[in-house]
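What follows is a pair of complexes built around chain A, which joins chain B in one and chain C in the other.
Right, the complex of A and B next:
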C-alpha cells in the first residue's frame, strides 16, 4: 500500500510523517530536481505501508517545481490514499488545495492538524465536515501525537465517498465535453486533464501537444474563450474563484468563528446577510424588491406587445392589432376557418408567449445578477434548515418564491437543484404557488365579492397555498419523492460586481430556451383550444354549443358539487390557456360586474377561487414542466394532483360553508 | 478633523437617515390604512440623537454639534416629505425601510468604535437603502412609460410625476457610503 502526504507548507506535514513512520525513513531528492524527497514505512495491524511526503504546495498548478513534483507523483504513482494535512487554525486557506486534490484523487484522508490552536479561533464541526466531503476527517495535534492512531486506522479502513467541487453548469458542461474526448483517446485521469486543459495548464497542454491531440487543444481553446466571455474574466481566475467558493462555503458550513467581522468585504457582508435575526428579513426584502422590479418594469413592454398583437378598444373605436390585420388579409384569399385557426389560434398563442418575454428576461436578468454577485449562494445557506424539512435543499426556496411571479421561470429555475429527485419534488410543488396572473384574478374577485375584506381573503388564499406546499412537500419527500438527500458543500463565492456581459449571457441562455421550446408547444396548444372553442363550425366562439361549452355542460354536475357555476367552469377552461383570461371570460359570459355578483354567492366565489388556486397550471407552465422533465407521465401527474387538491379544498369550503350558513 | 472623526460624523448622519426611513415607514402604514399622516410623526427625528449615547461621540464637541444638526435636518426632511411627497402606502415598503433603520441603528454602536462588526451592518443597511430607493425610481419611470403606452390612440394628459420619498432617500443615502471608503481604518472586534 502506498500513501502520499500532501498539504500546504508549514502545516506540520513533516511532524505527521515522522509520527507515522518513526525512524523507518529515507531522505533523498526527487529525480531531476533539488527538492527533498522523504519516504518511510509505517506498520498497522501487521501491514507494512509505504509513506511518501510530497513537497508542500498551496495548489497544483504547474508554476513551481514543488507543484509539478507533487501532482506528477499522484498521477504517475497512483497512491492508494492521499493524506491531506491541513493546518486547522488556517482552515479556509488550506481547503483550496483540498478542492484541487478532489479533482485528481478520490481517496483522501483529511488530517486536521493543529486542532488545539484552531479551537481558539473557531468551533469546527468535524462530523459535518465528514458528511459534506464524504471523506474521513481526523482532528489531530501531531506534535503531541494526538490523533495519529485514528489517522492510521482511517488510512487503512477509511470509507471514501468523495463529493468534490461542483462547477457551475456552464463550466461543467464544457468540462464534460472535453473529458469525453480525452477519455476516447485513452488518457487518464480524464476529468482532471480536461479541467487542466481548459485552465490553460502549460504542462498538460504540452503533454497533449506531444501526443498529437491537436483536436482536443483546438476544442479546449474554443471552450475556454466561451467561459471567459461568460464570466468576463481570465480562465485561471474563473477556476480559482470556483475553488475559493468551495473552500469558503465548506469553511462556513463547518466552522463557527469566535472572532466576528473581518477586513474583507465578503466577510463583512456575510456577517449580516447570514445573521440569525437579520438574514431572513434581508432575504425577504431583496426578493420583494426583485419581484417588484421584474413585474412593474416589465409592464409597459408587456402592454406594448399585447397592443401590437391584439390592438385595443379606445374611445373612438378599436385599433387593430397584428391579429386583426392579418385575419382580415388572410380571409381575403383563404377559407375563414383556416384564417381563424392561424390568427385566433396560433398567432394569438404566439402573442401570449411573447407577452411573457419581458417578465422572463427581466426575471433572469435579476436572478443572474443575484447569482453572479454571490448572494444566491447565501440564500441557499440561510434557508437550508427550513427547506430540509420539506425534502429540499436551501436553493429550493428560490423556485418556490419565483412561483409567486410566474410558474414558468420558476420551474426553469429548479435547474439550480443538483439532485434530480429534489428537482422533481420542487417542480411538483411549484404549481401550488399562485402566480401573478392568478393573484390578479383573486384580487379582482375578492374586490367584487368581499369589498370589506378583500385583503383578508387574498391573504387567506396565499397562506393556504404556502401551507399546502409545506404539507405536500413533507408528505411527498417521505413517499413519492423519497430519496437519500446527499450532503454537499454549498459554495460561497466572494461577492463581486457582476459584469454586464456575464449577466446578459446568462439571461439570454436561460430565456431563449423558453421562446424556442415552450413557444412551439404553446402555439400548438392554442390551436387545440381554438378548435374546442370554435367547433362545430358556425357556433358562437366559446359558447354553450361549442365543444368547450358542451364539455362545460358535461362537467356541470361536478361544478355544482364544488359550488362552481357552468360559466365559471368555461372560464377555468380558458384559464388553462392563460390565467388572466379568466376575468375576460367571466366578463364576456356574464356581461358586467353586477351580473357576476348576482350569479354567484360569496361562498361560491370563494370556492371558485380555491379551485383556481390549485387546479392545473397554465399550458405554458405545463409545456415547461414537460421540457424540463421530458416525462409526459410526470406532467400528467402535476395536472392530476392539482385537480385532486383543488377539488378537495373547493368541495370542503363549499359544503362546510353551506352547512354553517356562511356566505350564502 | 481626522478620518475617524469624519467617519463618526458620517455615522451620525446615517442615524438621521435611519430616523427618516422610520418616518417614511410609519407614514406608509398610515397611508395603507387610509389615514392622514400627522405632522407630529416627524418627531421620530429624535432618534437621530441616539449617537449621543456613545462615549465616542460625546467626547467631541464637534460630533455633538454634528449630531444635533443632523437631528434638525432629519426633522426638516420628515416635515418636507409629510407635506410634499406622495406616500405610496405599501406595507412591504414599510417593512424594508424598518429593516434599513434597524440595520443602521444596530451597526451604529460598534461602527462609532471603528469595529468591523458595526461597519458590516452599516454597509448592508446603506446598500439596501440605495437598492430600495434606486429600484423605486426605476419603477416610477416604468410606470410613466406604461402610462404613455396605454395612451396610444387616446388623448391623455401628461404623466403626473409626483415626488416620492424614494427619490429623497436615494439622494440622501449617497453620502452615507463614506465609511465604506475608509473600511481599512476599522479593526476587528472580539465578540462571543
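Right, the complex of A and C next:
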C-alpha cells in the first residue's frame, strides 16, 4: 500500500509525516530536480505501508517544480490514499488545494491539523464536513501526537465516497464533453486531464500534443473560448473562482467563527521584529547570538574529536592519537607506505569529516529553529529589498550568513530558496563568505603580522568578502545566472514553537547525509593529498622533494607575482583539505612563529590572506556542492571563479602596496 | 487603483487581476481573486515588499507583484465615524450570516447611516435601527 502526503507549506505536514513513520525514513531528491523527497514506512495492525511526503504546495499548476513533482507523483505512482494535511486554523485557504486534489484522486483523507489552534478561532463541525465531502476527516494535533492513530485507521479502513467539486452547469457540460474524448483515447485520469486542458495547463497540453491528440486540443481551445465568453474573464481566473467558491462555501458550512479581532501574538511579535527601523538590527543581533552559541558549544567537541584522532603536542613531547596508535600497529604487519596511506591519509580524512559534524549539527539546529518557528519568513520579508539587488529573494541571506559558520551547511541551506536558478547563484556566491576556519587563520596571521591593527585587518577581510559577494551577485544575476524572475509571494505563517522532534530529525538528517555522501569524497581526497605529500616514497612529508613540493616550486613564479612564498603555496594545498590546517603547515615548514614572521613581509602576508579568502572552497564544501547540484561542471566553475577572484585581489594588493611602499 | 498604491491599515476589495502566466496563477492560488478582501498590514524596512492580510492569513508581496492587482478601496464599518452615510459593498461571511445581515437591511448596494461609533455601533438601515457588535462590524465593508 502506498500513501502520499499532500498539503500547503507551513501546515505541519512534516510533523504528520514524522509521527506516521517514526524515524523509519529516507531522504533523497526527486529525480532530476533538487526538490527534497522524503519516504518512510508506517505500521498498522502488522501491515507495512509506504508513505511519501510530497512537496508543500498551494495549488497543482504547472508553474513550479514542486507542484509538478507533486501532481506527477499522484498520476504516475497512483497512491492508494492521499492524506491532505490541512492547517485547520487557516481552513478556507487550505481547502483550495483540496478542490484541486478532488479533481485528481478519489481516495483522500483530510487531516485537520492544528485543531487546537483552530478552535480558538471557530468551532468546526467535523461530522458535517465528513458528510459534505464524503471523505474521512480526522481532527488532529500532530505535534502532540493527537489523532495519529485515528489517521492511520482511516488510511487503512476509511470509506471514500467523494462528492467532488461542483462546477457550474455551463462548465461541467464542457468538461464532460472533453473528458469523453480523452477517455476514448485511453488516457487517464480523463476528468483531470480534461479540466487541465481546458485550463490551458502548459504541461498537460504539451503532453497531449506530443502524442498527437491534435483534435482534442482543438476542441479544448474552442470550449475554453466559450467559457471565457460566458464568464467574461480569463480561463485561469474562472477555474480559480470555482475552486474558491467551493472552499469558501464549505468553510462557512462547517466553521462558525467564535470571535474576530482582538490581540494576536503573531501580530504583536511582528510589530517588533519586522519593525521598519529595529527589524534589521534585531535580525543581526539574533544571528550574532546564534553564532556565539554555535562556536561556544561546538569548540570543545571539535577539540575532543581532533585530539582523539591526531593526539596532541605537549611540552614534554606528543600524546598519541588514534592515527599514531593505529599506524604503529599496522606498520608491524604491512608495508610502511600502505600503513601510512591508510592512517595518515584516509583515517586523517575521516577525522576531518567528523570534526565538521558539531558545527554542521549546530548550524542546522539554528536553521531548523528559525525555519520551524516562522522567523525565517520574516527575515525574507526584511531582507528582500537588499537581496533582490543580488538576484536573490529575501531568504537568500540565510545561507550567506550561515557561511560565516561553515560553508558546508550553508550550501545545504540554499534549499530554502525555491527557484532553481537562484539556488545555483546562491551556491556560487557562498564560498566567498569566509567560514569560521578561515577566520581563525586570518585572526592568527593578523595577530602576528599586524599586532597593532589585527582587528582592523580582520575587519577589512570580512568587509571585502561581503563586498565581493554583493558585486558578484549583482553581476552574475545579470549575466551567467540570469533567469526568469519568479513571482515572490511569501506566506508569513503564525509563529509556532518548534518541536524538539522536528528540529532533531532535521538536524540528524542533514549531518548524517553529509557524512554519508560527502564523507567518501573527503576521505578519497585525503588519500590523494597524502599521495602528493608522501610520494615519491621516502621523502619528507610535504617537503620540497614531494610531489606537492614540486608542484609548489612549479607554481613559484605565479606565487612570486602575487607575493606568496613557496612554503605558503604548499600550505594552501593542505588548506584545500581543511582551511584551519594552513597555520599548522606553515609552522611545520618554517619551524617557528619568528621564522614565519621573517619569511614574509606584512604586505605579503596580507596578499596571502586575500588569496586564501577567495581561492577554492575546501574539499568538504566542494563535495557538498557536487551533491546538491549533481553537476561536475558547476563544481568546477566554483573552483575556477575562486582562483580568478583570489588572484586578482592578491595581485592588486601586492603590487599597489609595493608601489605605495606600505607593509614592506 | 492598484494594490501597490494602498497604505498600511487600508482595506481593499479585488476587482481584477492583470498579467498572465506564473504571477497570475500564483496570486490566484493564494486566494487573490476578484471579490477578495485585502488589508495592508505593514511595509518592510525599505518599503518593498509589503505585508497583506487576506482571508485570515498573511503574505508578503513585492510592489511589482502587487501592481498586477486592480482593487477598490473599502472601509470596514467598524472604523466609520458617527454621522456618516455609507453604501455597503461587501458582507464577508457564509450564507447564514449574509441572510441575517440582509434581514437587517445590510447587504451590498444598501445605504446605511452610522448613528453611534464602535462599540457596539448603532446603525440605521432601510429596515430600522440596529445595534452591531465589533466582530460583526469588522465583517461589513462600505464605501
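Miscellaneous remarks
The working rule: the second predicted complex is superposed on the first by the 399 of 664 C-alpha atoms of A that agree within 3 Å, B and C clash if a C-alpha of one lies under 4 Å from a C-alpha of the other, contacts with A are read in each partner's own complex, and residues count from 1 in each chain.
Keep in mind that, in the parts below, a residue touches a chain if its C-beta (ideal position, glycine included) is under 8 Å from a C-beta of that chain, and two chains touch if they have at least 3 such contacts.
Because the structure is predicted, anything quoted here is derived from the model rather than measured.
Once the two complexes are overlaid on the shared chain, A:333 sits clear of chain B and of chain C alike. In the superposed model, A:90 lies in contact with chain C only, and not with chain B. In the superposition on chain A, the chain among chain B and chain C reaching more residues of chain A is C. When the shared chain is aligned, chain B comes close enough to touch A:289, but chain C does not.
Legend: residue contacts after superposition of the two complexes on their common chain; A:272 is shown touching chain B, with no touch to chain C. Judged by the touch definition given at the top, the superposed model places A:253 against chain C, while chain B stays out of reach. In the superposition on the C-alpha atoms of chain A, the part of chain A touched by chain B in one complex and by chain C in the other spans residues 259-261. Residues of chain B that touch chain A in their complex: 92, 95-96, 99, 102-103, 106, 115-117, 119-121, 123-124, 128, 131-132, 135, 138-139, 142-143, 145-146, 148-150, 152-154, 183-184, 186, 188-192. Chain A makes touch with chain C in their complex at residues 58-59, 61, 63-64, 90, 92-93, 96, 121, 233-234, 236-237, 240-241, 244, 249, 251-253, 257, 259-261, 266, 270, 274-277, 279-280, 377, 380-382, 384-386, 388, 394, 484, 486-493.
Interface of chain A with chain B (complex): residues 258-263, 265, 267-269, 271-273, 278, 281-282, 284-286, 288-289, 292-293, 296-297, 299-300, 303-304, 307, 312, 314-316, 319.
Within the complex formed with chain A, the residues of chain C that make contact are 17, 20-31, 33-35, 42-49, 51, 55-62, 65, 93-97, 134-135, 138-139.
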